[in-house]
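Some structures to go through are shown next.
Look for chain A in each of the two complexes below; its partner is chain B in the first and chain C in the second.
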Partner chain A sequence: MRSVFFATLLLLTGAAAFAQTNDPRAVRIIENFESKLNLDAFDVTSDFTLVQKKAAEADRVLRLNIYRRDAAGLFTIIFTYPDSEKGKGYLRQGDDLYLYLPTTREFVFRNRKDDIGSTDVRTDIFGRLTNLEKFNVRFEGKATVSKWECDVVRFDAKVPDVSFPIQKWYVRVSDGLPIKVENFSASEALLRTFYYVDFKQVAAGKYIFTRFLAVNNLEEGQRTLITVDNVRTTRIEDYIFTKAYLERQSR
Partner chain B sequence: MGKIFSLAFKNAFRQKKRSVTLGVNYAVVTLLLLLVLSFSNGVRATIGNTLVRGTAGHLTISGEYVSEKRVLIGVQAYERITRTVKDLFPDSTVVKRYNFSSALYYRGISKRLSFIGVDAAVDQSFTGQLSFAAGSWEAFLAAPNAVIVPRSVAEYYGLSNGEEVLISRRTRLGAFNTGTLKIAGIHDTGNFFLSELVLCHFDFLQDLDLTPAYRDRFNAAGRETATTLFVYFKDPSNLTAERDLLVNALNARGFEASGPKTSNDAISAVTAASPRYTVADRDPNIIRLTVSTLDEVLGIVGTVLAVVNGIGIFITLILLFIIAVSIFINLRMTINERLEEIGTMRAMGVEAGSVTRLFILENTVLALFFSLIGTAVSLLLMGALTLFVRFPAAGQIGVILDAGKLVLVPTVPDVLLVVGLVTAFAALFSFFPARYGGRIKPVDALSSTY
Partner chain C sequence: MSGWKRLSAAVFFILSAAAWAQTDAGGSGDDPYDTGQFDEAVEKSVKEDEAAKVEVLFGGTFLLQDYISSYGTFTDWTSELKLLGKPFLKVTDPRLGSVFLSYSIASTLYQASNNPPPTLVPTDPFVPVFALSEFFVSFDFGKAVFLRAGNQINSWGPSFFWTPVDFVNRERANALSALDVRAGVPSLKVHVPFSRANLFLFVDFRDTVSAADGVGAFFRTVNTALRFDLTLGGIEFGLTGYLDAASGRLVNKYGLDASGNFLGFDLYTEQAVSLRYEHEENPQAFFESYQACAGFSRTLDELKEWTLQAEFFYNSAGTDERAATLPPGAFVPFYTGRYYLFASLYRANADDVLSRVEAQVIVNFSDLSFLARLSAVFSFARTLPVTVSVSYADGDNGDEFAYAGPHQFTATVSANFVF
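And now, the complex of A and B:
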């Protein structure tokens, strides 16, 4: 009887340990696409256009300038359109994210997962990816998305402050880039689905997404499409990653 | 002196037209003052009762605690706090609430709602208060994921009783969590504070907010988490003293308890339910508590009432000024008409002071009589307003109504105060013209008559 108890205990402990450790195959898939999407060697400047579609409402368009320096964990986002949002901006310095509000001329400390301009797109899709620091990952087999064969990797949060504690990433086998991410709540309800529709190669083995679609799975017909233009990899001046720069843009 | 009283009573109504004209002024002022005071009492009682049932206790305990370098809003260790309250006030009742705002989804439609989580087994605050259009309180008790929604919410979504809806919210630490709620009741309650009430079970909302994965970190034994605790007394007449006792007892048991430092602190005790946290510099094991009395929570209502009373008092002062002028003119005319009488009384040896007192008493009797008539009319009017007049319960003034009825609460001290005030005012402003009458020399009075 005692041996059965210990065997069961051993099995349960083993199962728990398995659940809390990373699956090496999944780790390899993630490290592979993160190495392609994290642009540590150079700065990136680009123009984003966000079109938010809601059922029975006119499309809402936002335009942003994005400045990225992945090597230092920095990015700056400046709203340029519409006039009501103009001058607003985000500054990310490591884990700290500040939203600048030109109307009150103040910086508000925000969660790094803040929604951009009340769309379905979060600030954490910009900048450097560090998924393995925040999630335990597990390979879940293969699936076909559109016409592409994909590896499916399940993410389970190991830190409490991530937006979507459970995620499923569909990573294209042919080039190792993610093309779809299903985002679930803690109780595994599908909340949002992200589609990386298109990528642009900015250097050898380095990519940036140029079309991205975020679908809200709870709100019927609500989705946000991002189009990225004018991607440049020239060095960005240091002062652009400062609060002073954001303040100056609103004047 | 007795004869002066008797004479004054007879004289008060000798010139009927003039007496009635002045008396109507006294009656109107009395009526207005009583209406203002009764309205003020009624508003305080209505809002107090509904708030007590819905969102506040006789004492409301709110707070914040530090956990893992995060300062979180809520009351931690509520079991220990409840034991402290019960040790101190064995006859009191303590209920816990878990509240937050969250989006509710149904067939692709969403709306942000404020949810109140109750421990329905012991919290009877809403029993008998809700008017059900569908479902029942019993159905709510039967299902752990039950929700009672107002008719307006049901109509917005096109919901029927028994259907399931999805609730989605950011948890205490930022991750999204979702749950399925089952409609156990649709209510159509007239009470303004309860009309938009969305009621769930305490445990359901707590699980959703903390998530099973992190519940033990924020809700371990000895560190149970609620949004607020409400303490109810059988006799809530001395809440400030009871609050002070409780604060001392909580401090003695290791909490950092205090009363609200500002009126905003007290109001936020019943309105703040934010799950957001601020980052703490260190991680001390601190549980801060704010214990607010119902009067402090009602602070904003007190401000509104002060404005209502202020307007009423302003109107009353204008009326009193008009009365003062009327008294003056009226009495001077009376004195001029009664010079023969004054001259005769003075010639018979009546002293100047007695003549002055006679005229003051005449006006005082008149003021007393008509202020009593004003009181009677105002009580009748209030009775009629309460019994026969109905206002839309969900309208702009719904906050001061009880199921569409205007609540007016006249009290005996208020009636005595108003009648006394009007009478004293009449006596005061009669003094100067009456003194003038008393000082007229008999020879002057009689020579101007004959």
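And now, the complex of A and C:
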């Protein structure tokens, strides 16, 4: 009887250990696309236009300036349009993410669950990807998305500060870039679907997405389209990644 | 092909098409990877949005607040219901500039007390108080020089509760208040941004006309402020000066502030000195004062929901005397004592209903009176968020936080309407 108990315990412990272990094939896929999308060797400045479409409502247009320094885990986002949003901004300094509210001159701490400007995208699409630090990952086979064959990798959060606790990434086999992400709640309800519509090569083997679509699966007809223009890789002044700079833009 | 096969093929085709549309187009029926279609949709939306050149924004914050306060030995009590509001209108033409107008409105709906404290000013419930908050135009010259002229509220310095370098609007009337009810100062502000610094010139017209002296000479009555801030190594430094040309109030103030992040702590400090010089008409007026504050805030958990913040304030012009013994008009809440401490621990997004919960304490170390407050914000679906707070203030009778009496318990309920 005792041996059965220990065998069961061993089995359960082994199963738990297995569940916590990353699938090496999934890790390779993620490391591959993160090495293409993380731009550690240089700074990136770009202009984002976000168009949010909702059923039976006029389209909403937002414009943002984005400054990225992936090597230091920094980004600054500044809302430049429309006037009602102008002066708002985000600053990521490592693990800290601040939202600046110009009307009250307050910096408030936010986490990765924050929807940018009440659209359908969250802040972690803008900066450096660190998925393996936040998720346990598992290879789930292959699927066809549009006309491309993709590897499917499932992400299960191991830390609380993630945009969505369960995600399924569809990574194009031909170039190793992600083209679709399904984002689920902890109870596995599909909340949002992201489509990486198009990428631009900014250096050898380095890419930035230039068209992105976020579909809200809970609200019929609601989606956000993002276009990225004026991508520059020149060095950004250090002071851009400070609270003072955000405050200054709102004046 | 047999009938069954044709039917099966048709069903398979329909199901496949439906599944593809659901998976890859989020139900929209379009191919999300069609970049031509994508660009067309974005371009159409942007064009439509830009067609409406002049943007008119109307919004505001309104607060319905009721409190009941008991002091002494629970024998005396006071209650009041108020509707406060701050609506604004902003008209912007991106080619020209913008006009901003806001008013603060206070309407007392009832007041009741069995022994009215001196702090309770009887208010006619039929006469709401309207006060201009801000009315200004703002525009720029080639995005190089920005001007704002009119009645405007200024905010200088990084601190949260006490703002020693905020010379123009002096200080926050009450950092615990849900509405900023300060009146804008009639002024002209010129802002010249540089790559890592800013220069502000503020021309303050508040003393150009006075009830006692009427209209004064321009250069003897206009006050000026100058601020220069600079970012170095991730730390923002600010230097501020405020000069009173009229000399009548004998106020010249100079300030230094700094803020930055160190080991996960947001740290800040403000230092201000107010120089008063011997004036020919009032030789006894020579006086100087010094104010300083230092504080920090830090999140305590990975989701950044729990935040601890604290601020210390020194005010050399403060007094150890009881607030109730000061001459009329000399009692200014939060600026009467010499040493203060404010501390707060709050959790944002506690759950779907409880959107914020907070514990605060403010201590006046000069008279050893204090105020402790617990508050919670409840956000229910499709209704106004409701804030419930209970506070306890104590000290010797007549101290700052025991002005109306010691052992003061207050319960407050308020509903916020923000649009």
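Rule of thumb we're sticking to: the second predicted complex is superposed on the first by the 239 of 251 C-alpha atoms of A that agree within 3 Å, B and C clash if a C-alpha of one lies under 4 Å from a C-alpha of the other, contacts with A are read in each partner's own complex, and residues count from 1 in each chain.
Rule of thumb we're sticking to: a contact is a pair of C-beta atoms (placed from the backbone, for glycine too) under 8 Å apart; a residue touches a chain by one contact, two chains touch by 3 or more.
This structure is a prediction, so every number in the text was calculated from the model and none was measured.
A.B. asks: Should the pairing of chain B and chain C on chain A count as a clash or a fit in the superposition?
C.D. replies: Superposition check on chain A flags a clash between chain B and chain C.
A.B. asks: Based on the superposed arrangement, let me know which partner A:F107 touches: chain B (first), chain C (second), both, or neither?
C.D. replies: Touch status of A:F107: second partner only.
A.B. asks: Under the stated touch criterion, which partner chain does A:S163 make contact with: chain B (first), chain C (second), both, or neither?
C.D. replies: It touches chain B, and chain C stays clear.
A.B. asks: Given the touch rule stated above, what does A:E219 touch, chain B (first), chain C (second), both, or neither?
C.D. replies: first
A.B. asks: Compare chain B and chain C by how many residues of chain A each one touches, and report the one with more.
C.D. replies: Answer, by number of touched residues of chain A: C.
A.B. asks: Should A:P24 be classified as contacting the first partner (chain B), the second (chain C), both, or neither?
C.D. replies: In the superposition, A:P24 touches no partner, neither chain B nor chain C.
A.B. asks: Should A:S146 be classified as contacting the first partner (chain B), the second (chain C), both, or neither?
C.D. replies: In the superposed model, A:S146 contacts chain C only, not chain B.
A.B. asks: Can you tell me which of the listed chain B stretches (239-247, 275-283 or 329-337) runs into chain C once everything is aligned on A?
C.D. replies: Only 275-283 shows clashing C-alpha atoms.
A.B. asks: Taking the two structures together, which residues of chain A meet both chain B and chain C?
C.D. replies: Shared contact residues on chain A: 111, 113, 160-161, 220-221.
A.B. asks: Once bound in the complex, which stretches of chain A touch chain C?
C.D. replies: Result: residues 49, 51, 53, 58-61, 82-84, 93, 95-97, 105, 107-111, 113, 145-146, 159-161, 179-180, 193, 195, 197-198, 211, 213, 215-217, 220-221, 223, 225, 227, 237-239, 241-245, 247-248, 251 of chain A touch chain C.
A.B. asks: List the residues on chain B that touch chain A in their complex, please.
C.D. replies: So the residues of chain B touching chain A come out as 103, 105, 107-110, 166, 168, 170-171, 173-179, 211-214.
A.B. asks: Please give the residue numbers of chain A that touch chain B in the complex, ascending.
C.D. replies: Residues 55, 111, 113, 157, 160-165, 183, 185-187, 189, 191, 218-221.
A.B. asks: State the interface residues of chain C toward chain A in the complex, per the touch definition above.
C.D. replies: Checking each residue of chain C against chain A gives 23-28, 31-33, 35, 38-39, 41-42, 45-46, 48-50, 55, 57, 90, 92, 94, 98, 146, 155, 191, 193, 195-196, 198, 229, 231-234, 236, 259-261, 264, 266, 299, 302-305, 307, 348.
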